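Structures given as structure tokens follow.
Next come two complexes built around chain A: one with chain B, the other with chain C.
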Partner chain A sequence: MRKIEENIFKALMIIACAIIVSSFFMIVGTVVLKGLPAMNLDMLTKTPDGGFYIGKEGGVLNAIMGSLYIAGGSSFLALAISLPIVLYINLYLRKGSWLAKATRLSQDVLFGIPSIVYGAFGFTVMMYFGLKASLLGGIVAVTLLVMPIMIRTMDEVMRTVPKELLDASYSLGATRLETVRIMVRQSAPGILTAVLLSFGRAIGDAASVMFTAGFSDNIPQSLDDPAPTLPLAIFFQLSSPMEEVQARAYASALILTILVLTISLSARILTKRFSKNKI
Partner chain B sequence: MTSQPHISIQNLNLFYGANHALKNINIDIPDKRVTSFIGPSGCGKTTLLKTFNRLHDSSVDVRIEGKVLVDGENIYDKDMEVTHIRKKMGLLSQRPFPLPMSIFDNIAYGPRIHGTRDKKKLHEIVEQQLRDVALWDEVKDRLHTPAARLSIGQQQRLCLARGLAVEPEIILGDEPTSALDPRSTHKIEELFLELKEKYTIVLVTHILRQARRVSDFIVFVYNGEIIEFGPTEELLLNPKEELTKDYVRGFLS
Partner chain C sequence: MLILTVLSVLLAVLIGAGLYIRSLPLLETATLPELLAASEWKPFKGLFGFLPFILGTLWVTIIAILITLPLCLLGSIYIYEYAHHRIRKVIVPFVDMLSGIPPVVFGVWGVLFIVPLIGDHIAPHFVEFSTGYSVLAGGIVLAVMIFPLIISILLEVFGTIPKELKDASLSLGATQWQTVKFILLKKSLPGIIAATVLAISRAFGETIAVLMVCGNMPEAPHSVFDAGYPLPALIANNYGEMLSVPLYDSALLFAALILFAIIFLFNGVSRMVLARIERKIA
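Coming up: the complex of A and B.
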């Protein structure tokens, strides 16, 4: 009897695993099957010509570059703000300090806010300052979106750094600032993962850039230019009634998927290599 | 050498929240000797050791009263620079915690912090300290590989060398052999016997035989109080207090 029970629950767990693995293959499969036929070099190397959205010549290079700029810029900006935060709450503040608690609580709440809200918030702020949708606007909105991810990932890693290791540094006469180096080195794999996770999230989000970054057929040349992004390019192409253009949506989705997969795979490989050799 | 003891503790009380963990501690730790703190687990011996270099600073809910004088200066004085105190003491913890860097950089970490930049000088320090802990021959060909690749016993000797590199006067050991195999333990114990020529050594241990092998003086701590303090043989063979007798005979744990 207990043997049967064991087997039933084992089977349920295997089914659950099968669902996640098959979802992965089905999604990637759909994107590949539908996207490949419309895929060509022009898609990757050209910006849209006049009639691109009604089926004429061109590609989505504008959106690829726009997305890379936004994801790169926001990951960098988010790291520049998040790293001091996590170092401060993990090295300087005592456990149970109210500031650490308040920071972690806000971070938790921000983590759960949908990206469209960040987009709307960014839009409101930009309206207030009289700014139009631009690369800068997009970077700021997406930074707000990925900062909680970054903080949480780094915080979780830094919390596992043994207190004795930090004590070892202190007992050699190091100050807290000098011990930051130890903390950063010890949690380097986690910091790298945090950056790549954020980059992946940033490059794929549509809602936060919709109002803040805008869209255009050109690669943005300055922070003031509107910045086209892949998710929005997919959205526009998919809303077209023409099958040819819809197929291009899948090709764009394929490009985006490959970018995100490359990032998450390299995150895994780099993290492994990092934790094996450096520490 | 002065007649003043290196570490002198006067009326020290420590509270963890409402828990009175160390009660009215008064003791002078003899200079250039090995002194062991023994006692059952949870008696406060590690807590006492950590007050010597203010490692309780970053813990919440810890309140300390009284004085810990190191070279005549109260380390709990408000104006006291904590890095200045800690530089005087090398710390060995229960498990070795090598810094996440190479063997060379682990030893050079302390001297670099305290201003030694000259490469040749750093190299001399690293070699000297590694020789002092009998690790040089084992690692001289791989100084620039990560310290984490050493065995646990080697790591603990590395941590000792790292502490010695800042030229401390005192070595604190918090059950420094508890994670080590018998051979590595033996090596560390031998090192302590050599090092006491130059340093004041304070050890926390729960192994009576170890205390007997390495220490000149023993402090028996029980329930947050110092019950008895005396020369090793005398305390172990002719304890004056009933509690010490019970502990030494193994009735108390």
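Coming up: the complex of A and C.
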């Protein structure tokens, strides 16, 4: 009886694992199968021509560039804000300080706030200041979205930096600000992972840029221009009734998937390589 | 640095306050229970009933959790207790990569794969007509989206259970499954609940993927094959347009506030539970 129960559950577990792993392949497989036939060089190298949305010539270069700008800008901005915060709670605050605890908890909570709320909030703030949907608005909204990811990821790494290392630095007469260098060096792989994770999230998120970044058929030239993004391009193309345009949505989804998977794979490889040289 | 840190803590409060202030105009016209329980959504007549959207969100979330929880529990027990470490090394990266796939791609997958599957193969056995764009489709897509979140938390929680306990159980002659059932699952129950609550709040707020497969009809769904219209989809579809309709803007930000409040609460509580579990072993 016990043996039977054991075996039944073991079988169920293996099935569950198979479903979980195969779901990844199903998603990537579906996107590749449907996207590949509609894929061509024009998709990657051209912006939409007139009549693109009724099936005429053009590509999604505008959205690719817009997404890269937004993801790059927001990852940079988020890093500039998050790094001081993480260094502060790990180096300057005592262990078990309530501010550090409050920061960690609030970042955990913010991590769970859906991107649509960031988008709606961002847009409200923009309306208050009289700003229109623009590259800048998109970058700010996405920065809010990825900041918790950055802070949590970097914090996790910095917490594991051995205290002895920092003590050694202090005992040589280094100030806290000088010890920051050691901390940053020691957690460089973690910082890199955090940036890549944020970049991946930023490039794939649609709901936060929907209102804040807007959409256009051109590559944004300045921070005030509305910025098209790949996820929104997919969404709009897919809601078109024309089959040619829908096929382009699949091709765009393929581009986005490849971009994101490349980022997450390189994050893995880089992290592994960097961790080797760590003390 | 201190200022930045304090600001980052206050950000959640700021968002909540901002949304609340903007939804005040709507809240002045009706009381909270009235808004939440009314089912008429006719912005042009000034009727804002959130019930269909709340029900839509609940249906989708419940379906997603019912699918995902058993699968993830079994899956993570296998990964943690049974799998050879070489198999683990294969499975875990796939789960990680799954978490990196953008929501909109899940949506495309839903439209291409799940919706036709339901519309052509599953629904005809149960109901007379369904397009496939349904709360069930939304639930399935969401379920797959939250796999990585639940699995990663569950693996962490399992990691906090002392090995001695399990060894004691095994040495008394219990089988591995019995040990899992009576020791691992029992001991990690708070963590499992916390993970579930986190997953619920994640499912609550997911927007674009659900928007693409749910059908978006502002009526309460009656079966899993009916279309639904979850709150995030409502905001995404309508916000920024029709700003001339009085109170419309305020109503949509109120929807965002509902989402924010529920998720804030759920997240806060479950994160505190998880932090306590971690501290216990530290």
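Convention: the second predicted complex is superposed on the first by the 264 of 279 C-alpha atoms of A that agree within 3 Å, B and C clash if a C-alpha of one lies under 4 Å from a C-alpha of the other, contacts with A are read in each partner's own complex, and residues count from 1 in each chain.
By definition in this document, a residue touches a chain if its C-beta (ideal position, glycine included) is under 8 Å from a C-beta of that chain, and two chains touch if they have at least 3 such contacts.
Please read these numbers as outputs of a predicted model, since none were measured by experiment.
K.L.:
Applying the document's definition of touching, compare chain B and chain C: which contacts more of chain A?
P.N.:
With both complexes superposed on chain A, more residues of chain A are touched by C.
K.L.:
Kindly classify A:Ile182 by the partners it touches after superposition: chain B alone (first), chain C alone (second), both, or neither?
P.N.:
Only chain B is touched by A:Ile182; chain C is not.
K.L.:
Have a look at where A:Leu77 lands relative to chain B and chain C in the superposition and call it first, second, both or neither.
P.N.:
neither
K.L.:
Name the contact category of A:Phe24: first (chain B only), second (chain C only), both, or neither.
P.N.:
Touch status of A:Phe24: second partner only.
K.L.:
Touching A:Val32 in the superposition: chain B (first), chain C (second), both, neither?
P.N.:
In the superposition, A:Val32 contacts neither chain B nor chain C.
K.L.:
Report for A:Ile258: first if it touches chain B alone, second if chain C alone, otherwise both or neither.
P.N.:
After superposing on A, A:Ile258 lies clear of both chain B and chain C.
K.L.:
Contacts for A:Leu165 in the overlay, against chain B (first) and chain C (second): which applies, first, second, both or neither?
P.N.:
First partner only, chain B.
K.L.:
Tell me the contact category for A:Thr124 with respect to chain B and chain C: first, second, both or neither.
P.N.:
A:Thr124 sits against chain C, while chain B stays out of touch.
K.L.:
By the touch definition at the top of the document, which applies to A:Leu223: first (chain B), second (chain C), both, or neither?
P.N.:
After superposing on A, A:Leu223 lies clear of both chain B and chain C.
K.L.:
Going by the contact rule set out at the top, does A:Leu110 touch chain B (first), chain C (second), both, or neither?
P.N.:
In the superposition, A:Leu110 contacts chain C only.
K.L.:
Considering the complex alone, what residue numbers of chain A touch chain C?
P.N.:
On the chain A side, the touching residues are 2-3, 5-6, 9-10, 12-17, 19-21, 23-24, 26-28, 30-31, 34, 81, 84-85, 87-89, 92, 99, 102-118, 120-121, 123-125, 133, 144, 147, 151, 200-201, 203-207, 210-211, 231, 234-235, 238, 249-250, 253, 256-257, 260-261, 263-265, 268.
K.L.:
Which residues, counting only chain A, touch chain B once they are in their complex?
P.N.:
Checking each residue of chain A against chain B gives 94-97, 162-165, 167-175, 178, 182, 185-186, 188, 277-279.
K.L.:
Residues of chain B touching chain A in their complex?
P.N.:
53, 55, 58-60, 82-84, 86-87, 89-91, 93-95, 97, 99-101, 109-110, 113-114, 146, 148, 159, 162-163, 166
K.L.:
Can you name the residues of chain C that touch chain A in the complex?
P.N.:
1-2, 4-6, 8-9, 11-12, 15, 18-19, 22, 70-75, 77-79, 82-83, 91, 93-98, 100-109, 111-113, 144, 147, 151, 175-178, 180, 198, 201-202, 204-208, 212, 232, 235-236, 239-240, 252-253, 256, 259-260, 263-264, 266-268, 271-272, 275
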